[in-house]
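Per-chain numbering from 1; labels A, B, C, D, E, F, G and H assigned in written order.
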Amino acid sequence: DRRGYPEAVFCEGKTADQVGRIATALADQRQVSLFTRVREEHVQAIHAVLPDAAYDATARIVAWPPTPPEPTGGPVLVLAAGTSDLPVAQEALLTARYLGRHAELVVDVGVAGLHRILAQVPRLRAASAIVVAAGMDGALPSVVAGLVAAPVVAVPTSVGYGAAFEGLAALLTMLNACAPGVAVVNIDNGYGAGHLAAQIAAP
Amino acid sequence: DRRGYPEAVFCEGKTADQVGRIATALADQRQVSLFTRVREEHVQAIHAVLPDAAYDATARIVAWPPTPPEPTGGPVLVLAAGTSDLPVAQEALLTARYLGRHAELVVDVGVAGLHRILAQVPRLRAASAIVVAAGMDGALPSVVAGLVAAPVVAVPTSVGYGAAFEGLAALLTMLNACAPGVAVVNIDNGYGAGHLAAQIAAP
Amino acid sequence: DRRGYPEAVFCEGKTADQVGRIATALADQRQVSLFTRVREEHVQAIHAVLPDAAYDATARIVAWPPTPPEPTGGPVLVLAAGTSDLPVAQEALLTARYLGRHAELVVDVGVAGLHRILAQVPRLRAASAIVVAAGMDGALPSVVAGLVAAPVVAVPTSVGYGAAFEGLAALLTMLNACAPGVAVVNIDNGYGAGHLAAQIAAP
Amino acid sequence: DRRGYPEAVFCEGKTADQVGRIATALADQRQVSLFTRVREEHVQAIHAVLPDAAYDATARIVAWPPTPPEPTGGPVLVLAAGTSDLPVAQEALLTARYLGRHAELVVDVGVAGLHRILAQVPRLRAASAIVVAAGMDGALPSVVAGLVAAPVVAVPTSVGYGAAFEGLAALLTMLNACAPGVAVVNIDNGYGAGHLAAQIAAP
Amino acid sequence: DRRGYPEAVFCEGKTADQVGRIATALADQRQVSLFTRVREEHVQAIHAVLPDAAYDATARIVAWPPTPPEPTGGPVLVLAAGTSDLPVAQEALLTARYLGRHAELVVDVGVAGLHRILAQVPRLRAASAIVVAAGMDGALPSVVAGLVAAPVVAVPTSVGYGAAFEGLAALLTMLNACAPGVAVVNIDNGYGAGHLAAQIAAP
Amino acid sequence: DRRGYPEAVFCEGKTADQVGRIATALADQRQVSLFTRVREEHVQAIHAVLPDAAYDATARIVAWPPTPPEPTGGPVLVLAAGTSDLPVAQEALLTARYLGRHAELVVDVGVAGLHRILAQVPRLRAASAIVVAAGMDGALPSVVAGLVAAPVVAVPTSVGYGAAFEGLAALLTMLNACAPGVAVVNIDNGYGAGHLAAQIAAP
Amino acid sequence: DRRGYPEAVFCEGKTADQVGRIATALADQRQVSLFTRVREEHVQAIHAVLPDAAYDATARIVAWPPTPPEPTGGPVLVLAAGTSDLPVAQEALLTARYLGRHAELVVDVGVAGLHRILAQVPRLRAASAIVVAAGMDGALPSVVAGLVAAPVVAVPTSVGYGAAFEGLAALLTMLNACAPGVAVVNIDNGYGAGHLAAQIAAP
Amino acid sequence: DRRGYPEAVFCEGKTADQVGRIATALADQRQVSLFTRVREEHVQAIHAVLPDAAYDATARIVAWPPTPPEPTGGPVLVLAAGTSDLPVAQEALLTARYLGRHAELVVDVGVAGLHRILAQVPRLRAASAIVVAAGMDGALPSVVAGLVAAPVVAVPTSVGYGAAFEGLAALLTMLNACAPGVAVVNIDNGYGAGHLAAQIAAP
């Protein structure tokens, strides 16, 4: 890849066959690779070619080689507002790690219980980039960006119902964050959030 | 009015003439009245009939009789996230007062500077109903509802630009508040918010 | 919970395993709990830990302890415009009861047959808070709020098709209710409606 | 016109010059004509050609010949939910009259004060077609259609603000009316509503 | 029913059990009934109570008594722009018949082949009310309303894909029909369209 | 320009000064130019530099050199559904001419009066490309595309009100045209429509 | 067909039975035919009548007679931005071929890797019409239209998630393409894109 | 400010009086300040208090002290797709400079003329953060992010008309950018874009 980052294969719209053929090509080039949004059948097709590839069922990511590179650059912190935001947060976490950053995860720090996020302030301030995954009202990035000097990568999730409109409500909240320093990515785009955070925290 | 509350006249789509005629009719019945969303010409037409009516330019409200009733029920607290939310907050404040509640206003307590809202916690907890006016990300009601046991009346404002979509972003945030206890009213509807808060805090 | 109300667990995006673990933690703390939007598998996981928990299939709620507290505060009335709005109305009803209110339900009082809602006026006027669940045109809260002095909690439902847009039409109707005193919550949010009504009718 | 109804000229996007030229052509053919959505300058251009044309400033209609035809068919009743809906209701009223129907107007019968619409039931039941103009929640047609056997022509108005979305909320309400027998036309389309009612009530 | 029309039961959100209970109640009152949007299980539950009820699988309607009343009033014509609009058109057709009108159906007369609709002009002009069901561009009602003096009931269908947005495109087209005389009902609402046409063509 | 077509300057967001400077630069290069969406002040600034530039007030286009090139390729026909669509149609007409095509205009051929468009069939069939400008229901391109073998360039206009949503209704209609062969461009984009038609009809 | 092109049968909303009957009718008339958006069961129904019909599983097209006509007119080039856009691109490709054009396909030339599309410039410039299928950001047509003099038919695909809104994002991008010469068709409408390209490149 | 960056005053919804009072308070604290979205009257009110404050009419920014700090961190590059995007780009440029970065501007590098952006590749690759302002199709960030390893801050502008929907089209394009590394901010939010870029490029 032109930018030194792993090649990413978005598997959602692809058959197991197509993913298998892509895995073969990447294996031939010994290309560092991330397969995102995998289903069970994709994992099998990849393992047939790259048997030691690492698979994370929550993040729906397969990575090869299985061990992330030695971390460089600044630390990345990933926050999930609620437990239901975990898959997106985990996708961001692993992406940041496989792109070469030190990355950690904190779950269940939504704004309805402020003490939980306030208890994390020192850790927040130590990060070079913070990813915040939140659905429903999507209010957490506004609060976090008001507490730190580093950029906040906000990823709205499709968690919620009714007027959450599959993540649209959270997306709009984040685009209108009343604190500056919020970088928004697409709904449920944990991969993009982790990638952007890794770029921001690059050495 | 069937419910013992003042008659309210929404002046936005009305001519000065029409408002003058309504004022005359209400004066004849000695009806306690609120004129909302008034323009200069409306104020003049009302003052021609009810010369002692009280006019608040920020709230764009004219009230008659000019002095609110002696407060009963519990206290109402009105919060404005930013200075630009003031007109809507003031409309809520005066409405609650003219409906017979003790009501106070706190401005500029947006979530981008959490210490400001946290400094208000004792006052928040003393209120029987809290109105929160906020535009842009509309995140303040989620935070406030997590701090108190009383109902929070959330009124989105059209403050902001771009993806604020004239208050739609704040409206959706409030409908998806991750804390329960948030009662949402229409965008910029300070009158409705103050009315609802007065009903909730009624004796 | 900081506010003396039961802890609520939103089960929709959670596995039976996750819900089981949360139930265990709550059982350990002897925490009064509501599990909302449960599926069959959630019920089984909860019953394995809290065998006497009460389950209502229409409301999709599991409550522990199974018996609601002795009612305090004012009475709550829950209205369902049509039979299809019943699940949302029932979720509101049980939530209000488990939060400690006396609560009753009236079904099939839509505005297409005004005599049915008019027949309920004495009962409407006796309530401290009224929840109205309605889909399609969502017109019932406007009519009810014109008949009573207490706050009306309006919960739009996703009942309907086509231009009902999964509850959006009813939501907009309610936000634009021509009578003041209407508190709107998210589409299908029976839990939030019952919670808000219980707060409004609190002693 | 192929259907025996007056030729209608929609003036909104036209210059006074263009309207004057059209008036001249229609005068030459002695064509019965309605000019809708006129501005002052249009009225002058028409009067230069058809000095006896009738002009109604509320409805923004100019009609020629000035006197409506002798009424035939059944009676049309036009309802305006509030005073602000008057211009649209008046446009419908005059259109129905110039198309040859007996037509009457009732204003300020919104659903927030049910007694006002209930007081009109005998008159409602006497009409062959009823036009209902309503903005904000747009709930009146649902109620009226539940009271009568004749078709109800529902015309949403752009009255309101915020989540009224310039008449969209009322439009959706009307399309989802829970009583059958509601015929919806475009937002603020008083002309179309009056035309349709006149066709329905035709002899 | 207050208006002399059959009682309609909207079955979409109901269980077979609920529909069975309603059928029993209606059978007891010997109430003329229409069950709309039925599924197989609903049909069985109704037939258990009303074994001679008529079932039309295309319209998804069950009617009791099975034979429509002797027709009165004027003729109703139902047009389907394409074959895929047939279910909605058939629902309108049967509704009009069971409400007591003479009603006929013409399929596949979309505007892309004008000769087909032009060949129907004499039949169009003989009708007292015309229902037009169309999806995709929804252009047929504009063309038909330009050819006849009777009201056109336009029912948008959810036929199409992409920017058809499940019938929204057709709905907007119909609301903006450039010919007057178009009465719009909800997307896929064949029942409502047939009902309205029957009211318009009533004796 | 890389494609041999005139350089187009979109003036809407530009000051007279900026447009004057661009005109000077183009004059220096003797570049064939079109200035679109001009206001009076733009025209003066251009005429100061290119005194013989041609200005069309309806199309809001300034062209230099003032005379279009000798036509080549096939004929382009531009249709305007109504008079209000004329500015957009004229912009398309002149663009096609200045790009070197023979182009003609036909106005007021909307689908509400089918005989008018049917009278044009021979002329329609003689064109190599047809531009259709229509607002409101936007139904004309569907009808025209069903009558000819050449591509139809459909340009929705913002003519209409209410549910026309500033051209959105017409845009959706055209994207869903039930006849193939319809090429859609942006709302009110007469320039783009004329350009595309000129490319299609190029020699 | 009035235009000499094959008759197309849109199978999506049709049963196998209906498609079989249509195939029989077309076989009887020996009508050149395309069946689009077929499912397995449709293919079987068609093969029962036209056993030698050609079936392409990627494009979901069945064609009869199986061999496309000898190509005439100019060459058509079909581009797919990514592999997931292949089904739509293939539908366009085959449609263009069965309408009598020489047509070729190039896959995976998205704008994130500009060198891939730049490598195709000579081939792009040789085409009489270019179809571009792209989802997500839909940016490819803007880039391609800036490189060639021929019209570009842009077909947005529903590839993507979140704020791709099932192709809406790509559709809007294409309608706003900053280079002229972009003809937009409906989301996922490969058939329409291929048809339009074949018309543009017709002899 | 908690983060060491200048205090920013958003002037859009404020009177000259209010801005003057804020300027006085900031002057008293000798607080480094940025006033954004100023109008003429704001500038005068600020200059009355801070006579040496710097004013940029294109960016609509007033800064005090007038000279930006000595640059630290990495270089920021700001791109404007077209001339009409200049105000937003200039707001980003100045914000980055006043936050302490070296920042430069490149205008008119839209994707319709790829050679212009390709000519900038070395400069693009030298930047630590790149701001891209683009309206209409908003395609430029996708292309730029494919050419560099640094984060791209994408700011959609409201430039365009029709289906540009005041920047919504460009916003969606950017959220769906097919290359990773794109950080999106609100429509027309040059201040936010410059702030984020300055944070990313901080030392």
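Throughout what follows, contacts are C-beta pairs under 8 Å (C-beta built on N, C-alpha and C of every residue); 3 or more make two chains touch, one makes a residue touch a chain.
If you want to know which protein each chain is, UniProt gives these names: A, B, C, D, E, F, G, H = Nickel pincer cofactor biosynthesis protein LarB.
Quantities reported herein were computed from a predicted structural model and do not represent experimental measurements.
In summary, the pair chain G and chain H forms a contact in which both copies contribute largely the same residue numbers, shared numbers making up over half of all those used. Centroid analysis (C-alpha atoms only) places G farthest from chain B. Of the two chain pairs shown, D-F and A-H, the one joined by more C-beta contacts is A-H.
Mean C-alpha positions place chain A and chain C at a centre distance of 35 Å. Chain centres here are Cα means. That of chain A falls 46 Å from that of chain F. A separation of 56 Å divides the Cα centre of chain C from that of chain F.
Contacts with at least two other chains are made by residues 2, 113, 146-147, 162-164, 168, 171, 175-176, 186 of chain A.
Listed by label, the pairs of touching chains are A-B, A-C, A-G, A-H, B-C, B-D, B-H, C-D, C-E, D-E, D-F, E-F, E-G, F-G, F-H, G-H.
Across the interface of their complex, chain B is touched by residues 2, 10, 12-14, 18, 156, 158, 166-168, 171, 186-189 of chain H. Chain contact summary for the complex, chain B toward chain A: residues 81-82, 110-114, 118, 136-139, 142-143, 145-147, 160, 162-165, 168-170, 172-179. Those residues of chain E whose C-beta lies close enough to touch chain D in the complex are 2-5, 8, 146-151, 153, 171, 175-176, 180-186, 191-192, 195-196, 199-200, 202. On chain B, the positions that touch chain H within their shared complex are 83-84, 113, 159, 161-164.
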